[in-house]
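The next block holds one structure in the form of structure tokens; read it before the comments.
In order of appearance the chains are A, B, C and D, and numbering begins at 1 in each one.
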């Protein structure tokens, strides 16, 4: 009982596109209230692994468990109903308003509860609250990312899966995104964040690194930094 | 059928707008399907023809008024659209170039519909008495128009309004627009994209069916092989009005209706060229339509 | 300064519907030199390569190659005059065999007569797949084939877009050796890359880009010490 | 290194011989059949579709553009031939040149369509064919085209000569496809189809390649249309611009497998063979079957019969 329950776990995942295999037995897990960063370079297979976990790509081999359920063959919408939310690299519907984006994100919630949830989220994101009727496409990159987070959280998930929240953001906004996410982390939300930006390690209880479609490292941030070759690979310019 | 009296030009424009409303209905469903699924239903004109055949059959066989026929057609066509969607579209969308392949596939569907209808109803022209939709002319700004035209235009306007309300005022409509914005993001958000699309597909062919019910009054008559020409017309309407934007169809429909009436007034023997030339011209000159979106190769 | 650069870009501007993807980029490159182009996602690196290789016409500024202005010239002409590139996600001709992929470029891309396609395939370790359709290659091999296709036109200027992404360490170091060897033969290389280790191994100097502009030019070592560069990459000095 | 040698050495020569052999056998077979089998019109129609399917193969198989309005070139050829014969009183062979010329002119006018991506190109080409039909069949032009009332060319009627002319056109179309399948130019077209950007970086002129394929494809259809007018000698615009000509050619091509030489041939022999064997008392049954066939092909076998073999790594001639 010492170990917290696993919110999600993926084991032995193999998959790919057409004949080209991308993942070669990759796996990871996230425990309750834990935030996990999946670190890897462009093309390492991070997005693919996330897609298998959220049900957007089939696994050729391996399994995905969500809480007590084996969800390997499940569609994404069913997984979302079970408390998983996914924020893709794009993260929003640019042609819908801010309000509509949140409503779509919280589509499975009962009407009154969604309304409460949206007000709660607008409290976290005052910038968005001021412009509820504006099209998401008219927002700046940083605001879009905030909306993406809010949209994913609209369904009140227990686990938030994010694909490169730093993508396309200037450093200032990266800091802001990390700040927002750390507030949700404190509130007990479990998170799985795929990133190549090491700044996100600030959020990490645990780190996995992915390279060539395989997990190379699992451990704490301190352990990662202690490993010379990994440090050279992931701490960019150093 | 030329509007009599008063300045001929005004008459042509007014009749064109009335016609344009009808042609909006002709293209509306096609555009909805394109917007949601990025596929071209090249059997759209044939579903329209089926709606017309149904109206003719229900009237001559059972004496049903076209308005009743329209309601029946909506129910039956939506019900038929869902299984058709699930049978072909999900598999189609998994292929590499689904837009192109959809065109070929629905071309096949179009041929099947045309063949079955010809076998069942024969190849002869069918028409319905215009008096069904009101006797005597209706006068707009001094232009006399058949009541059946006004009636058809009013039903079309109602259909456009209902589609608008569906898309902007219902939960499923919001999800539908989400899928239109980005199918991938919709999947990632956990929207049941297949269900949303199937409903859109059903609505689309129901719209075609309703347009078909009124086709005998607007186009004069219906035949099993009218689908091909109607497909080109419907495609011209939505290309002019902007692909993938159902409400842009209204703009395309009006422009098409007015140009058609002007052609019929001043150059009547060449009026059949219009949809073809309009389609080609818009694709080449402003392929994104009047409101946006690019269809050219890189 | 050394003799005339092979490639000289000044004030290059490219906009997409109001968005300035390139906002006045300037850089130059000499034969035998490897220049790294680095910067965060969306800073305009790939757009820069796309303009130089003729995929997009520039909206402003100049691209001078071998003493003549080439801005807006078609890709196939540029390929014949010695500019070629690889793609971030490889783009081989999937229905042709590996050998046909390269042979085509060797034929249409104007290399010297007697160009040995098989020797090139052997050099890049693709000879074992020569008769197989390119669709059967894995992504690392497709990247190599992309490089082979580019090399078959015997370019004087090679633009390399994120070659390292998706390669394992062993493949990476082989690629690095290959690119250095190309520079050694006098080819000029412009390398867009995220992986700093690869940039470190391959390039002579780097240009750092952000928001469509270049704002640092020099060696990688100097770049890593530049506070401005660190700010851009690490967003305020996390884990410097 | 046997692997490399096999990709470069003698194989291509053997491939060309095999391809050319198939082409020659088909042409010779259709020539011999005329002396053996009495239904000349049916044989002639076979030649027409064998040729059209290969003409469509040139543009669809090698560049990926599928013109639904391919029949437009066929109709243009038929009327090019007819107008030259009716108004200029030229001999049939000169009329054939006019047929090819008419199709080429139309193809040049329609060149801008190649800027459109696949689906829009297909529809636009269909609209173009319809537009040409509307012009030709317009009663206002009766003095020139005979409008909807059709043309009669009894002065050049020559069933034997026109049959062999059709055979020559078939040979020409087959040779074009054999050439494309075995030449660098054909390879460059396939490269453009796979990835136009990459093809340009390989030094291939994308615009030039597509244009040549488009013109050749139109030329073949135009010549077939011309020889159809010559052989049949009495016809209406509805026949010359009948969309089912496009449909048949498309189905035969897709069924057999584009880009191959034998695929479209098989498609015609099998499907058009069945069509003729069962009889055409109720053509709708075929229309239905072909429609269903198109649906099934797109869903289950988008690359045709040939792909059953190519999937297993076997090269189909």
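Quick notes on this structure:
Heads up, the rule we're going with is that contacts are C-beta pairs under 8 Å (C-beta built on N, C-alpha and C of every residue); 3 or more make two chains touch, one makes a residue touch a chain.
Everything quoted here is computed from the prediction, not taken from an experiment.
The greatest centre-to-centre gap from chain A, using C-alpha centroids, is found for D.
Ranked by number of C-beta pairs in contact, the top chain pair is B-D.
Inter-chain centre distance (chain B to chain C, centres taken as mean C-alpha positions): 49 Å. Computed centre separation for the pair chain C/chain D is 42 angstrom, with centres defined by C-alpha atoms. Centres computed as Cα averages put chain A at a distance of 53 Å from chain D.
Centroids built from CA atoms put chain D at 32 Å from chain B.
In chain D, the residues that reach two or more other chains under the touch definition are 197. Not a single residue position of chain B touches two or more of the other chains. Viewed as a contact network, the protein chains form a single closed ring in which every chain touches exactly two others.
All chain pairs that count as touching, in label order, are A-B, A-C, B-D, C-D.
Within the complex, the chain D residues that touch chain B are 66, 68, 112-113, 115-120, 122-124, 126-128, 130-131, 134-135, 138-140, 196-197, 243, 247, 250, 254, 282, 284-288, 290-295, 298-299, 302.
Only residues 40-42, 135-139, 142, 162, 164-169, 194-197, 210-211, 220, 223-224, 229-236, 238-240 of chain C touch chain A when the two sit together in their complex.
The touching residues of chain A, when paired with chain B in their complex, are 54, 56, 75-77, 79-81, 85-88, 90-96, 100, 103-105, 107-108, 151, 155. Interface of chain B with chain D (complex): residues 40, 42, 88, 91-92, 95, 97, 99-105, 107-116, 118-119, 228-229, 232, 235-236, 269-270, 272-273, 275-277, 279-280, 283-284, 287, 295-298.
Contact residues on chain C toward chain D in their complex (touch as defined above): 53-55, 74-76, 79-80, 84-85, 87, 91-97, 99-101, 103-105, 107-110, 118, 121, 127-128, 130-131, 146, 149-150, 152-153.
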